[in-house]
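Every chain is named by a letter (A, B, C, D and E) in the order it is written, and numbering of its residues begins at 1.
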Amino acid sequence: MSILTIIFVDGLGYAAWLFLVAVGMTLIFGVMRILNIAHGSFYAFGAYVCAILIGRWFDAGLPSIGAYPIILFSAIVVGGLLGLLLQQGILKHLQRRDEVAIVLATFALFLILDDTILLVWGTDAYPAFQPYADLGTIDISGIPFALYDLLLIALAVVIGGSLWFLLNRTNYGKLLIAIIHDPDMARAIGVNVDRIFPTVFIIGAMLAALGGASSAPKISVAPGIGVDVIILAFAVVVIGGMGSIAGTMIGALMVGFGRAFAVYLVPELELFVIYAIMTAVLIFRPQGLFVRPAARKI
Amino acid sequence: EVPIQIGLVTHLSGAAAGPFGIPARNGAELVIDAINNGQMPAPYNTRGMAGRQIATTLLDEAGSPARIVTEVRSLVESVKPQAVIGFVTTGTCLAALPVLEELKTLTVLSTCGTPRVFEDNNFHYVFRTSANVTMDGVTAARYINNRMPELKNYAGINQNFAFGQDSWRDFNLAMKGLKPSLSVSLEQFPTVGAGQYGAEISALLSKRPEVTFSSFFGSDLEALVYQLVPRSLQRQTQLVFSTGETAMFRLGNRLPDGAIISGRGPYGVFARDTELNRWFRSAYEKRYGDEPTYTAYHAAQAVLGLKIAYDHAAEKKGGQLPDTEEVMADFRGLEYEAFGTKVRMSHDKGQQAVTESAIGVYRFDRETGRPGVTDVTYYSADCVNPPDGTKAVEWLSAGMPGAKCD
Amino acid sequence: MLEIENASVSIEGTPILRNVELTMPTGAMIGLVGRNGAGKTTTLKTLIGLLVPQSGKVRFDGADITSTSPHRRAALGIGFMPEDRRLVPDLTVRENILVPAWAMRLQDAEKRVDWIVDLIPELGPLMDRYAPQLSGGQQKLAALGRALMVGRRALLLDEPSEGVAPALAERIGEILSNLKTEGLCVLISESNDHHVADLLDDVFSIERGQVRRLEH
Amino acid sequence: MSTILNVMNLEKRFGSVSAAKNINVSVAEREIVAIIGTNGAGKTTFVNMVTGWLAPTSGDIRFLGTSIVGRRPREMTQLGLCRSFQVPQVFGSRSALENLVMAAAVAERSGLSLFSDPFTEERVTRCEMLLRDFRIGDYLHRKTAQLPQGIRKLLDIAMAMIAMPKMLLLDEPTSGVSIDEKLELMDIVMGALKAREVTVMFIEHDMEIVEKHAARVLAFFEGGIISDASPQQCFAHPTVQTHIVGEGKVSARLKKGGVQDA
Amino acid sequence: MPRSPLSVPAAATLGLIAFAAMAFVIPPNGITLLLFSMARALVVVGLLVLLRAGLVSFGQALYFALGGYTVGFLSLHFGITDGFLRVLIGALAAAALSIGLGFLLRRYRAIFFAMLSLAFSMILYGLLVRSEALGSTDGFPVGEITWFGWRPDPAMERYVLYGIVLLFAWATCLGVDAYLRSALGRLAEAIHDNEVRVEYLGVSAEQIVHVKYVLAAALAGLSGALMALVIGHVDPNMANWTNSGEMVFVLILSGTGSIFAPFVGSIAFEIIHAGAMHYSPQAWRIILGAALLGTIMFVPGGLWSLFGRFRRPA
């Protein structure tokens, strides 16, 4: 049925966006046990930098194709710089503190970064619509869909796939697991924890910034775009089972399809979809879809 | 000589700052400075307000209504302003007004368009110099019905919060009132700031309503436009953006030609061509490098109204500074020519203004590179506002009885 | 080979070890015995670098490694088995044993695993089970296997026979004492020295943070 | 003497691993039974099933005549069946004394007492005394997370004991406890339990202790019980000898009969 | 057991007297600040109670909003103006809902508890936003307040309210202190350390968590109800997660060392907030964030631990 096809494509598109937004948070939580609220700010910074660079690019009359690498470039720069700064400057010193303190520290960073955006870029919105508009559309089931959205789906699949492979199928991933469980013991058996933590945090920050940068052409980058992202990302991460890439992917798909269905069939429920799915998943699987085994206690 | 203290409350941060808050602040500050320097065109070219200079304290309206209540209270308790001007969003103003009333502070709402301000309360110290939101929906409905007599169905996409819901309700009721046979093909209420409208646009594309009404504003409106234009939604449905006037300069040629846009009253591109307007526009553009949009006009006319009331009251006292009650006595029922149009404080014991409204079709002039409107229609105040003493929803539901249109 | 020179250690401001002197010559098996709370674990953690002494030195082959981080010490070939096992629950026993090899990019990892299983055949059937699926004693063996992966030069074992059936504890003692002939030095902390007593070359006793060499 | 615990045809499988095979045991009131076995023989699994932590794959467990399969651990405690743990289970952020006072308060609870302050003078003194008996008087006010392994073990046993249940299962009470303390500890524990007529099963790797305190020994091997007899008979069992007790020094010392040589 | 020089009830009573006395000396905006601080401190006390069991709720705004909306609703639809009655019903409504939700939430720990509680609060938020009868995002005013039939004149009104809020705060301190010292309260803290042991002591960890959850919810309801009276207006933001976040923020700022900490932290929060708004109206959150970050990094025990350094032996 054509309506189902449309819902499917829309759901997939939203899921891809959600996944891009959430995957960095999953990674950082999975490895470092840090629930990073500043994730929303990384997202916003990525979006701002990308929008501004793209704006400059087109103001200079440069060819449209060059705008796509800018998206990746701004994500890498923003994630790299902010990630390094915050990890080395602040989070490193909080490593041994309890989770609540660390979450709140990232909350504080979020407040600071969000207002920094306001100070630096003001209250204006920055458009970067060209990459979205220029790619054109493709008809599916008689409805034009933006090719850019399909591109994001591909990007999400590539990123999800490679991260999953890295974490689950390589020794590096297993090293990460060893660190997650017990950093001290990992040190004692030869793992250089002090190098791996910043690396992971920076990659996570880059992914967050990529979420923002890749959204920039669809939206108008304005103050406050990071706030809602936090909760969405949280919810997806929790649904997936904290720290699981595959879980995040499935969580994003569930929410994406759920939302697309709601928009078509019961628009009033749109706001509740994500919470309803999260609650339903947690009721049946109290630790999310993909659960890590706990150490045997007794 | 002690200056007159004014508290200026508007969005300085958050999503409403760009489209509404900052223009409002700019508009108010521009006029306040001009008043202080006696640079306004005649007849408002007397220096100061009741001869006194005006000092302003800014307050950010962003955040929860609860926040604003504390902030307003502490503003009033610490600065003791003679008047508070501003308020864009309805949540914050509804929460703050009882406090301002309790503290006996003269308050001039510049925008805050909910009819609930006077319908649900009996304020003594509160004035509003712009018409309420009901006018948006009625104007759009009348205009569409005129232009599209064959219309059968329409859809709405509005933000999920009070303003979006109210806008849609008013428009809906007005449409039904004008032509009961119309049907609604789709109602969408995406979350404020959602940013992702792929599914909503697909739904509109597949349901094919003839008209799509939206009260989106700011970055949400821009995102919606960026996402719908490449997918050609504008070719399948007549788009109506009730606050489109605030976004047209930013969107430029991205806002599709043929979309129906309005602001709350004849402001911005719709403003009547008067000397006052020409002055305001050029001074605004010179100072801020931007075109003034309707909240800028709203704020400016609020300041102007207060000045007139003060000046009148002072005149009666022979130049002495009038007290709040005296100023209010002159403010009630005031009629004055403001920057965009005439403001008539004729409703709710003379504390609520009505104005005419304006609406038109967007057209981007490719030669000059400037946005513009065509097919502009003005509706007189009594045509698009409920008569004094009638509740907006009741009036709309009853089919807008007593409306005087010419 | 591995020695502590006049080291004092405090944890969170509480002094725990006082002026500890301890030498582990190459090819020797040393015992560190003491009551609960005497400071055995603290001594071992100081040797591996999880605790840093306030004064005094730790040396390895004569070089000062007092401020060398634990993962560098592991790279020097110092293996550590904690008293509470601390296996990674999401990994199988084989992976647990291999983690150090991955971290330090050891080339002969697989060979070494085979050698470990040869040494402790009890591990054989457990290799592909996840760590939480092992009994307490089995986990102890796996942790020992992991220490053997790292410990090419020195082994620091914290209560290796705690919770291990006597027959097996004896065998482990013999295995360890055979290892020392391969140039490895072994430090065993025991609150319960009798399984290995006869195999030790040297015994230190520890009491209230003070170490004393016992005549042997 | 009547039977307090009766285990029939108990089986437990974890996937392909058979952790308990056809276990049949019956324990009489006031009996003291030791459990020995190779590592991974299924001793802890057995205790876990009896105390409701694990559900058996099949078979029945009767405590005081009623079947307790499917009950939760807390219900078992309420019925008067308590245990200690191979890995000490204590409240890490509380002091040793607080740990024990809490355990005591809950054990003695009656109705509304949960709403009152458990730190009554009488109870605190009593707990302090017990901890001193256990040789951990030096650690009364230290957070247990910072205590040495062996001390935590002692505290764990004290917390299990203070309830003075009808039956107590101790999982390796002495492993990790240093040699001079553990013999004494077992004397104290067993003395007190005997005086209160508590039925005891304890898992133990130290054969001296087994011999000294238990009249009956269950030897576990690969999920089954291969011997259920007096210590002497049990130690003489060939499989027990090669796989559990060993031929070396321990048995040598045992044969010397020297327990006080520490 | 470390003993502080004063018992909690005695200290609370002293505090009550001191704060009441302040009404005579500080300016009106000081009273406003204290009203806010005291009313909000109550929900933070609830969070403290939860955190003692290692549970963090990012959804306490649910009960806070429920308490507030109940207060408003009672006057809007039933014409009940009595402040005391409305506050009590508000707290009870929160408690009643939490008894139900508690059956579900008590199974969860750590982040899952936090997120599930967040989900419930956001569902309420969504409902309130969609409910035009309750003013959608605009909310509605709570209306006139009387106290046992007496309506203080406007000048006095805030002082009366201040007194009432102080009394509730005082009662909360006494009640919560008794709870925390009871076996039930201590067991709940023990759950954080080791649930296995709690279970083997013969008590149900879930039931204990449930009791705790209801207590925290009742306090949140009470806090929200008082806040509604203080503000005079309720709106869906009361239920939004950012509000919950702010409550946790205040808790961390306060520290968890004492049940008085939330009061100190709450006052500090209001002062920092007011100062930040004053000195940098466009970027006040930078100051707020920096204050929080500074507290976390340099005063790990929260503001309360600064007092403790002088007052309490180890």
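Just so we're on the same page, a residue touches a chain if its C-beta (ideal position, glycine included) is under 8 Å from a C-beta of that chain, and two chains touch if they have at least 3 such contacts.
Quantities reported herein were computed from a predicted structural model and do not represent experimental measurements.
Student: For chain D, which other chain has the most distant CA centre?
Tutor: So the farthest one, by centre of C-alpha atoms, is B.
Student: Among all other chains, pick the one whose mean CA position is farthest from the mean CA position of chain E.
Tutor: It is C.
Student: With chain centres taken as the means of their Cα atoms, state the distance from chain A to chain B in Å.
Tutor: 37
Student: Mind checking the centre-to-centre distance between chain C and chain D? Centres are C-alpha means, answer in whole Å.
Tutor: Between these chains, centre-to-centre, one finds 28 Å.
Student: Between chain B and chain D, what is the separation of their C-alpha centroids in Å?
Tutor: The answer is 77 Å.
Student: Identify all positions of chain D at which a residue touches two or more other chains, and write them in rising order.
Tutor: Touching at least two other chains: 44, 85-87, 89.
Student: Where does chain B touch two or more other chains at once, residue-wise?
Tutor: 12-13, 160, 189
Student: Counting only residues that touch at least two other chains, what does the list for chain C look like?
Tutor: Residues 133-134 of chain C touch two or more partner chains.
Student: Within their complex, state which residues of chain A touch chain B.
Tutor: 3, 6-7, 9-11, 13-14, 17, 115, 118, 123-125, 127, 129, 132-133, 135-137, 142-146, 149, 215, 217-225, 227-228, 259-260, 263-264, 267-268, 270-271
Student: Which residues of chain B touch chain A once you look at their complex with the stated criterion?
Tutor: Going through chain B, the ones touching chain A are 12-15, 17-18, 21-22, 160, 186-191, 193-196, 198-200, 202-203, 205-206, 218-220, 222-223, 226-227, 229-232, 250, 254.
Student: Looking at the complex, which residues from chain E come into contact with chain D?
Tutor: 1, 178, 181-184, 186-187, 189-190, 192-194, 196-197, 199-204
Student: Can you list the chain D residues touching chain E in their complex?
Tutor: So the residues of chain D touching chain E come out as 51, 72-74, 77-78, 82-83, 85, 89-94, 98, 102-103, 105-107, 109, 113-119, 159-160, 163.
Student: Going by the contact rule set out above, which residues of chain C touch chain D in the complex?
Tutor: Per the stated touch rule, the residues are 11, 34-38, 41, 83-84, 122, 126, 129, 133-138, 140-141, 159, 162-171, 191-195, 197-198.
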